[in-house]
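Everything on this sheet refers to the single structure shown next.
Order of writing sets the chain letters: A, B, C and D. Residues in each chain are counted from 1.
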Amino acid sequence: VPSAIVAGASGYTGALAAALLARHPRFDLVGITSRSDVGMRLSDLYPRHRVKLTLEEFNAERHGQADAAVVAYPHGAAAPVVAALREHGVRVVDLSADFRLRLVDIYEQWYVPHPHPELIGEAVYGLPELRRAQIEGADIVANPGCFPTAALLALAPLAPWLDDVVIDAKTGVSGAGRTPTATTHFVSADENVTPYGVAGHRHVTEIDQELAFLGAPIRVTFVPHLVPLDQGELVSCYCTLRKAVDVEALFARAYAHEPFVELTDRPPGVRDVRDTNFCRIHAHVDERTQKVLVFAAIDNLWKGAASQAVQNLNLMFDVEETVGLL
Amino acid sequence: VPSAIVAGASGYTGALAAALLARHPRFDLVGITSRSDVGMRLSDLYPRHRVKLTLEEFNAERHGQADAAVVAYPHGAAAPVVAALREHGVRVVDLSADFRLRLVDIYEQWYVPHPHPELIGEAVYGLPELRRAQIEGADIVANPGCFPTAALLALAPLAPWLDDVVIDAKTGVSGAGRTPTATTHFVSADENVTPYGVAGHRHVTEIDQELAFLGAPIRVTFVPHLVPLDQGELVSCYCTLRKAVDVEALFARAYAHEPFVELTDRPPGVRDVRDTNFCRIHAHVDERTQKVLVFAAIDNLWKGAASQAVQNLNLMFDVEETVGLL
Amino acid sequence: VPSAIVAGASGYTGALAAALLARHPRFDLVGITSRSDVGMRLSDLYPRHRVKLTLEEFNAERHGQADAAVVAYPHGAAAPVVAALREHGVRVVDLSADFRLRLVDIYEQWYVPHPHPELIGEAVYGLPELRRAQIEGADIVANPGCFPTAALLALAPLAPWLDDVVIDAKTGVSGAGRTPTATTHFVSADENVTPYGVAGHRHVTEIDQELAFLGAPIRVTFVPHLVPLDQGELVSCYCTLRKAVDVEALFARAYAHEPFVELTDRPPGVRDVRDTNFCRIHAHVDERTQKVLVFAAIDNLWKGAASQAVQNLNLMFDVEETVGLL
Amino acid sequence: VPSAIVAGASGYTGALAAALLARHPRFDLVGITSRSDVGMRLSDLYPRHRVKLTLEEFNAERHGQADAAVVAYPHGAAAPVVAALREHGVRVVDLSADFRLRLVDIYEQWYVPHPHPELIGEAVYGLPELRRAQIEGADIVANPGCFPTAALLALAPLAPWLDDVVIDAKTGVSGAGRTPTATTHFVSADENVTPYGVAGHRHVTEIDQELAFLGAPIRVTFVPHLVPLDQGELVSCYCTLRKAVDVEALFARAYAHEPFVELTDRPPGVRDVRDTNFCRIHAHVDERTQKVLVFAAIDNLWKGAASQAVQNLNLMFDVEETVGLL
């Protein structure tokens, strides 16, 4: 059984990754690290997860003994940890944005100076439904952002014909992270809906990049909205195609054998995927305008982050893809 | 002081109209009717509104004595009440869809056989910011739907240049009415976001009709989403224009003197208009795609229904537009 | 592997019991029944649960072949189903109130005429922490109500010394069941807290009965409150004792070896037990008044119903108690 | 028209007091101060309140020109501001705890060293329903805490007979103030109920003090709980009386002429008093235990703070008590 660590386990996604690995029958969770809560038991921070391990300071020597790692540090802080783990041969799934973008200058335009540009080439974009084979052989898997996960699953079957795409996304407050801010204050978020990132959300380049790989060299319009729930994310995609296609058939074919994608008869609600690794998708042609509408629902902390990381680890370590996730 | 009645005061919007008129200094609320709760005091159904009047059965003779009426019956049921009130000379604001659409066949395609098509010509579409002068002289004012209210205020300044529009709307659960259903059950709506009306929502024709009047002969794509809050509505509009325009200047000019429209520096949240007649709007050009993004927030029960009805009554009865609404 | 059925699987608790048994490694879920949704796949009603079985009409012959059953019908309707299953030798956990009360006249005072009073004597009250040995040998286990589960776990260690007890309970809306009503309408429950059952809630006799067995022949004061969340229940118990005791030691001793009871340093929040079979308890002596305050948090659908049923089945079928529940 | 200022208008309660005074027909709001947001317009912080004044630094000379002041600083920081305003003759309603307790040593035991103990004697405890006459003549009115407001209104009619009282309170998150913390994070508060202040909440001495004045020299047991809503507070009081009394008659008599107290047939929900100065109360004798149960619902920001301050100002300045509050 391969041993695994989670670096950065005190945030929402790292803690969930630790919880999933702690009860995973094919990985052995041997260490968890934190920058802010060293010495605490994870079960004190997240009682529901019931992970009794104690948060440690990251130590490349010690944690480098593991076979597998999930890194859940913020962008910029993640790359050095990934680099240190790679030096010791650990195979890594990184939840940050540090290795998602192929072009370092695009990364640096949206984020910070890249601490380890030399590793970008080694990384594989970790959306299993699109890049399963590459992920299996990868040593660094860049786990997709939550919005790109849902948006790309919604758009991939249509990619060759996409002409124009508007993505209106709605996300629960856990997407804003664990640090208390004016935005995440209950009294601000409750009974509210607010668009944000209007001037340009970082996830948009990630979507563009992957759509280009899929044959759609376009720039999408993307606006996320904060809605009053804790976990869950819906993307509503409004697509103009370059020609009429059999939408239903395209989606049926694309996802016929995917264990974690469900096509639904009606638009999905985010409740239906809560605490799961599933993505539920509904595609529909608007008869009045001929636009293709695609709705995809995921749990932002699960398929949008932690459980997708486990799905990637399963692929990397030759474990059946659904183990630990059903 | 003109006397007023509210016909259909046991639903959310009728009850709120009654509450607003009960404390309005320039109208005298003399009667409220209901089909389901005759004999109850409105304050028993809605303690917060503190309207001590008793719900009566509608009686054309008695209620026809009033000067003004707000009718809040469902579509199909409203038109006969409006007709009866008109026979007695009452000037009416109708919250239903019965007199919003100019063309009877379009109405009948989306709703039911029209009970009083002969009255359609008399009705004015009651969006004060667009049709103030007509409303002042009207005897039947068709109060706009909640989504059209927000969408039209968001789009009107851009109408002459609109080429393609996607409207992604988010609404609180009060928009679904007071009748308990599987959809409005707390356990269904809580922690959920769900698109609905995907196959065609009735409000779309209302938006198309009014945009055509404003010079935009287009068909919009419109999808509402149910979000877990009680009151509040946000429309996110993604517009392709036929030419580049000075968006900021257009909105500034359009709404410079509007008492209930506020232009904001950032996208508005629905909390900021809760329990008010205000519409807050933010327009923004997406530099990457040249799409114009417009976000408009209203309270669906207020500006989207009851307080807009009072705004219309103020105009019709030569009362200053903001009285009773600040 | 014993085969199991769930009779009444279309309600919240029956559906969850089916979901837990469907993925249980030591039971084989072979059938699910419903009175209202025959012919539907359970996964269409509850996508998250992913139970692909189809709801059938209850059939004593067919469903009587199973080794185990969870019955989740309403009180009055459950007893006949339990009786029919018992005739075929099925061992049953019943989620209704039909077999919880030892005295038929007390049952009939709070509920309905009892359809099968002759079976009451066979039933064991299924709170594993208090009656583990009896449950192991029982053929009918009456699963406790959600409030009694939390209240009895909170009070049991103090029972011999209890003089007076006030139980103030708070429960999420799923406790009111799946049928849409005025009370469960999102707009009624949202942003609200409401006491109910003030004139006497049925669960109070269940609490009194079991406290009497534990040595506290008292009448508790019990008031539940509806709070705006979907799952979760907190009971706050205010106890006057007949003498001073070492509260901390009593609780530590009582629950030292319980797999599903956690004693906490601070009052527990219901989030911390969401979607688990755990009960978290905090006891505290109020220095000003010498009252003993005990707070217990459970998930009303899990430990308060469906997962406790599985815990009981584990005991009855000699499966380790925690299997399928961690 | 008397001029008024609000010192500390950037918090929830101060901002609401400013909003109420800004639209009050009998006061003239001339200034608002803040320690943290000097230079901002209040309408930028709280768009819904639409108060266009700019937040200033507190200046005793300038703000001392006002006739009336609401002070909404934290305890310890409020007293010096009150003292400075008093020196200039301003009549003050103080929302902090600084002048609520009659005994300086009790204040200092629960709070901080008192900066102006010499002013305590001048202050009147500002619960209008209990001390109307004193408030009218007072120069310093100590506005009650939110919990004491509801609890005292619930208990006052029974005070002479009270033997033992348990108060279980539930409050929305706005009660925790505007500063973002782990507790007020949406993801912590949502879908949660948590008791707090178990080791002793400051409001308990305030309740004890006032009950003693009313003839009940007892120590109450008091535990507040955080529930997932923004505004609203319910206290559930469980009372043992020294003798049987006619509860209904006592409450009817006590509140027959109170403009802001409503006695209800059923336990009140907090939604029914949202955004109002009303307190809704239901009293009930539990036949099984002879305990008297009293439930009182208020809006913690309104009757529990800001609107009660305005009610007090009305009394102090000989304005009809309900002006600006209906």
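Here, contacts are C-beta pairs under 8 Å (C-beta built on N, C-alpha and C of every residue); 3 or more make two chains touch, one makes a residue touch a chain.
If you're wondering where the values come from, they're calculated on a predicted model, not measured in any experiment.
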Discussion item. Out of A-B, B-D or B-C, find the interface that copies A-C, where copy means more than half of the contact pairs are identical.
Written reply: B-D
Worksheet item: What is the chain whose Cα centre is as far as it gets from that of chain C?
Response: B
Worksheet item: What whole-Å value do you get for the distance between chain A and chain D if each is reduced to the mean of its CA atoms?
Response: 46
Worksheet entry | Euclidean distance of C-alpha centroids - chain B vs chain D, Å | 37
Worksheet item: When the centre of a chain is set as the mean of its C-alpha atoms, what distance in Å lies between chain C and chain D?
Response: 39
Worksheet item: What residues in chain D touch two or more of the other chains?
Response: 188, 190-191, 228-230, 268, 271, 274
Worksheet item: For the protein chains shown, what form does their contact graph take: line, ring, star, complete or other?
Response: complete
Worksheet item: For the complex, which residues does chain D have touching chain C?
Response: 164, 166, 168, 170, 172, 188, 190-196, 198-200, 204, 219-221, 223, 225, 227-232, 234, 236, 238, 240, 266-271, 274, 282, 284, 286-289, 291, 293, 295, 297
Worksheet item: In their complex, what parts of chain D are in touch with chain A?
Response: 12, 173-174, 178, 180-182, 184-191, 228-230
Discussion item. Taking the touch rule as given, give the residues of chain C at its contact with chain A in the complex, in rising order.
Written reply: 23, 47-48, 50, 191, 262, 264, 268, 271-276, 280, 326
